[in-house]
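What follows is a pair of complexes built around chain A, which joins chain B in one and chain C in the other.
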Partner chain A sequence: MVSGTFVEVAAPARNREAGTAGTAPASRESGWSRIRRLAPPYLYLVPAVVLLVVWTYQPLAQTFVLSTYSWNLVPSTPMVDVGLGNYERLLGTPELGRAVWRTVVVILGMLPFTVVIPVAVALLTRRVRGRAQGVYRALVFAPMLVAPVAGAAVWQWLLDPSAGAVNRVLGTDVNWLNTASTAQWSIIVITGWHVVGFAVLVVTAGLAGINPDYAAAAQVDGASRSQVTRWVTLPLLSPTLAFLALMTVLLSAQWTFPLIDTLTQGGPVSSTTNLYYLLWEYGFRSHDAGLAAAAGVLFFLGFIVVAALLTRLAARLSHHDD
Partner chain B sequence: MAVTTGRKARWALIDVVVVVYALFPVLWIASLSFKTKETLADGNFIPREWTLQNYADIFATNEFIRPLINSLGIATIATLIAVVLGMMAAYAIARLDFPGKKALIGVSLLIAMFPQISLVTPLFNIESALGLFDTWPGLILPYITFALPLAIYTLSAFFREIPWELEKAAKMDGATPGQAFWRVIAPLAAPGVFTTAILVFIFCWNDFVFAISLTSTEASRTVPAALSFFTGTSQFEDPTGTISAAAVVITVPIVLFVLFFQRRIVAGLTSGAVKG
Partner chain C sequence: MSRIRLQGLTRRFGAVTAVDDMGLDIADGEFLVLLGPSGCGKSTLLRMIAGLLPPTEGRLWLGDTDITHLPPQRRDVAMVFQSYALYPHLSVASNIGFPLRTRKRPRAEIRAKVAEVAATLDLTGLLDRKPRELSGGQRQRVALGRALVRDPGAFLMDEPLSNLDAKLRAGTRAEIAELHRRLRTTTVYVTHDQVEAMTMATRIALLNEGRLEQLGTPSEVYDAPASVFAATFLGSPAMNVVDATVRSVDGVLRAEAEGLLLSLGIEADIPDRPVRLGVRPEHLTLTPAGKQGIRAVVTAVENLGSEEVAQCRAGHTAVSVRGPRPLGVTSGEAVTLAARPDRLHLFDQNSGRRLAWQAASVPEPV
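And now, the complex of A and B:
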């Protein structure tokens, strides 16, 4: 499908000048052939962009509209225009602040699993060569392949207060998922279990992209192995680390969703209700479409701000290889 | 260069802990799936009595078979379309230059940052209005859309690394454009395409948010959504054994797939997809 027809990059600027003169009858290029020449790049992109516009940007616009209405998601009931009422209601609930705080806790709690552990593991396995390395990576990657819902089922058993393996190994009898103080951490550890392998793979890929000459040069200059790691490898790895941190911030709450829904349903006493789950509850439990949309809008705007700040920060911190 | 044995041991310990943490639950699911109902809660890692009853149970019920067919069909179709569309877009991004390119890339990739959940309610409305709610296309379309940024991002990184002059060289040597593409470029692009396909497939196969909000019956419910109903009220008195068996059944194909292509995937990832 990607044949070599458009190998040469057309020079649009120069040709466009030729095109503006195209009103003259002696024009060498008709409008049609100009379209045929300039259109191909867009034709390649059109299917993807159309899908994105119809299935994400349009719903996004609808979220904004819906956030000013009161509606229970039933097509036959009328939508009532409430202006900014939903936002007032939302900001007035103490739930929101708590959910935001819990989301922050989840993100901070996930960072060791998505950044610290993967870096440690990848640095170590880098020295293991050949088959063993591949096997090790495959083993660590395995949980990513288990559907989160299926993972939740087994963790429910591992964390079982009476027969669970975790309590027996630790010699405790904690009811991990049904105690307000431990439920959140259990969710974090299970989510971490699910994504740690992927993060290891990303760090490994990042390490492989680093030119080994730098480390070699530093060693020639007498740097010890840990000095090389600290002052050469890690700074060069910073774009990868920034990428992982950004992913963690943006996706942690999303990763926890299937686990929370199957294991705790946001409880006990909403100790695991983060923003993501709160939004879902508004929409599909309370059937309060307006409130859910308002929360969605705030969530979305908040994330744009956070993402922009992080990318800016990452760009400043990154040490580029080239 | 002096690395003391103590340090080495500490590193090895970290590694072992991580492997146990990653693998133990996976093996535990497998173990549970072979246990009888009586020994389910005995806490033994190796089942004392082996049974295939759990597997027989899930394959005897439409509650599992139907969702399995849905999952396979929906994830496969969505992956194929997403990868093809992603290849087209990535090709244009990596190889062609045209006005408005930056803006179009932005439009295509920005969406990856949207929290899916904030779009679920409007998607539900749109799909209800169009009659797509609880149908295969009703899941396939959002899956393609949400996988596209990932596909475009990884594929354009790969495509940028391909030495495209080889194509011209092949043509100069007398190859037809088709030959030049299939014999020269396609093998070079394959690792990237496989990597992308696998990542997209995993995303579709394991998705839960859309699967529970955009389906309501077995007409389109996928396995992750169906599993969450196993835990609630269902015909099984104690669903853990059957859930574990179902988990094993849906995990094995994807593990085999990844193991089979593992070298290509890692080669693919390291050849530029995630380079900062």
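And now, the complex of A and C:
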């Protein structure tokens, strides 16, 4: 009789493969070599940070400081510390409320040009194939390449009450830029004409970023062309549209500035004076630097709140497409 | 009736012909696999059947309807995409219900049908999730559910398993095959994976450079490959193919080449004919030296667990032998490989097409 016993096969030893016995103590790194290892990324960042500080953060801080002084921009005149006086004065003027309302009107008036028309144009030009597609897009984008002031000069001529092409085509004799009821709308339409190409470009890029499989799947699933657009393409485009809406809210009033300054100078009877133009008037017409700075600070804080709300909304809309 | 017929279907992209004069008759209830290497035109063909790509030439029927010019939404087919194409902004329930929503079915009916499909696919607990919250396997099942929900005339599947890991792929393969057994819906399935083709298909359509290379059951395609391409595309390791000459010696045909002598087991007397000789690795056996066969030297032995593959060199050609482990050979060893005559495949040296022996009716000597 041969007898024996079962022996359990041992699990592979952990350190055997590495050829070391036990754990080796971690080696210490000298302070200098540590700095040399960690420094390069920060060095690469330095030029950009310096530029940001010099051109953005420092002026921003100076604006905060300036908003507590009374000063007329003349270097020889002393700056007088007035505390929150500028803010009190600003919030007390009826002009501010009206300018805010006009800014809201500009933003609402711009949305068709930055969202509705671009979506329609981008969806339609997508169906055009080949070279014609490029031609269409170039035509739509062209106004963006015209300098605002040059564009304004041409529009002034087109909108001329006596010899302007617009009145002749419409058969009217409206003094577009010098009538309180039409000046604001003229400014909105001209600004819209100017930025619509850019918005079309953004929407086209957004459409190109949508995997074509979704539309193909929807078609095979039985969706008609308009159903594909409504149920698949537009929802997937919503992050792009939210971005455009954000741009419109934050930047519309700025886009209108060169046109207002060239065509109406805020008039007639302040009908085109929005927040930015008001701020500029305080600073560089009334030479009230403190009041302008206070207005700048208030708008800055206000737009931060609006931007935060809109970016949160945009984040909610974005679908991770993977 | 959901028989699918293709007649002279052609698709050209500029100067490139992706699908060339394709004719297929897919019977109702069939599981046809379009198999081929990437770029062979199999996905293009599937997209033409789905209506996503208009054919340059040819016609297409579903049942008795000519659907050549019908837009996809009016063809009664459902498609599973390689990327699954689940609508990322919709929940699992809305994704599965989408085809019914486009057909304007009442809400209650959609909900009931979605619940039913979700139950068969084990998705009930996931109906409120968004696609991004699902694993690869779950996404794949949602894509299947979206195809199943509307009882289509035919299923079109474009490499539906290629994004899954190996283990999940085997399981899902079995599920899809089971689904087809139960529903008996005509299915056209595109893949480059020969295992999927062999295990699932009722028939395989092997495509090469836009043309149909061979059409047949998995056994037909494997056992009697119609060309060198078909022979080497299916099987792992690929079929060994060597140049040889068929010669008649003592009234019996045999294949000869340098270091190679294999009897074809055919009694005939014909002039010498150059051919390409094919034999599958599992049909080669190791015989004692000195016997007739292929003389070769083992260059490496690969262990597959249950089997071993011996990589050999016969003259200038690489030959592999597959057999139960252990094969009993080592690297560097000289071996002789034999094969039964009925396991040998002959192909024309120029066209690469299969050569079949046809005995001439010999007049009886008077």
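Operating definition for what follows: the second predicted complex is superposed on the first by the 292 of 322 C-alpha atoms of A that agree within 3 Å, B and C clash if a C-alpha of one lies under 4 Å from a C-alpha of the other, contacts with A are read in each partner's own complex, and residues count from 1 in each chain.
Here, a contact is a pair of C-beta atoms (placed from the backbone, for glycine too) under 8 Å apart; a residue touches a chain by one contact, two chains touch by 3 or more.
All figures in this text were calculated on a predicted structure; none of them were measured in a lab.
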Practice problem: Specify the outcome, clash or fit, for chain B and chain C once both structures are aligned onto chain A. | Solution: fit
Quiz item: Now for A:Val121: first (chain B), second (chain C), both, or neither, which partner does it touch?
Solution: first
Quiz item: Touching A:Gly222 in the superposition: chain B (first), chain C (second), both, neither?
Solution: second
Quiz item: Regarding the shared-chain residue A:Tyr214, is it in contact with chain B (first), chain C (second), both, or neither?
Solution: second
Quiz prompt | Of chain C and chain B, partner touching more chain A residues | solution = B
Quiz item: Of the two partner chains, chain B (first) and chain C (second), which one does A:Tyr136 touch, if any: first, second, both, or neither?
Solution: first
Quiz item: Should A:Leu91 be classified as contacting the first partner (chain B), the second (chain C), both, or neither?
Solution: neither
Quiz item: So, does A:Ala180 touch the first partner chain B, the second partner chain C, both, or neither?
Solution: neither
Quiz item: Touch check for A:Leu309: first (chain B), second (chain C), both, or neither?
Solution: neither
Quiz prompt | Smallest separation in angstrom, by C-alpha atoms, between chain B and chain C in the superposition | solution = 6
Self-check item: Interface residues of chain A shared between complexes with chain B and chain C
Solution: 219, 224, 238, 320
Quiz item: Which residues, counting only chain C, touch chain A once they are in their complex?
Solution: 47, 50-52, 71-73, 75, 77-79, 81, 83, 85, 87-89, 98-99, 101-103, 130, 132, 146, 150, 156
Quiz item: Within the complex, which stretch of chain B touches chain A?
Solution: 1-3, 11-12, 14-15, 18-19, 21-26, 28-29, 32, 41-43, 45, 84-89, 91-93, 95-99, 101, 104, 107-108, 111, 113-126, 128-129, 141-142, 144-146, 148, 152, 164, 167-168, 171, 177-178, 180-181, 185, 202, 205-206, 208-209, 212-213, 223-225, 227-228, 231, 240, 243-244, 246-247, 250-251, 254-255, 258-259, 262-263, 266, 269-270, 272-276
Quiz prompt | Complex contact set, residues of chain A against chain C | solution = 211, 213-214, 216-224, 227, 231-232, 235-236, 238, 319-322
Practice problem: Sort out for me which residues of chain A touch chain B in the complex. | Solution: 1-7, 9-10, 12, 38, 40-42, 44-45, 47-49, 51-60, 62-63, 66, 73, 75, 117, 120-121, 124-125, 134, 136-151, 153-158, 160, 163-165, 168, 193, 196-197, 201-202, 204-206, 208-209, 219, 224-225, 238-240, 242-243, 250, 253-254, 257-258, 261-262, 276, 279-280, 283-284, 289, 292-293, 295-297, 299-300, 303-304, 307, 318, 320
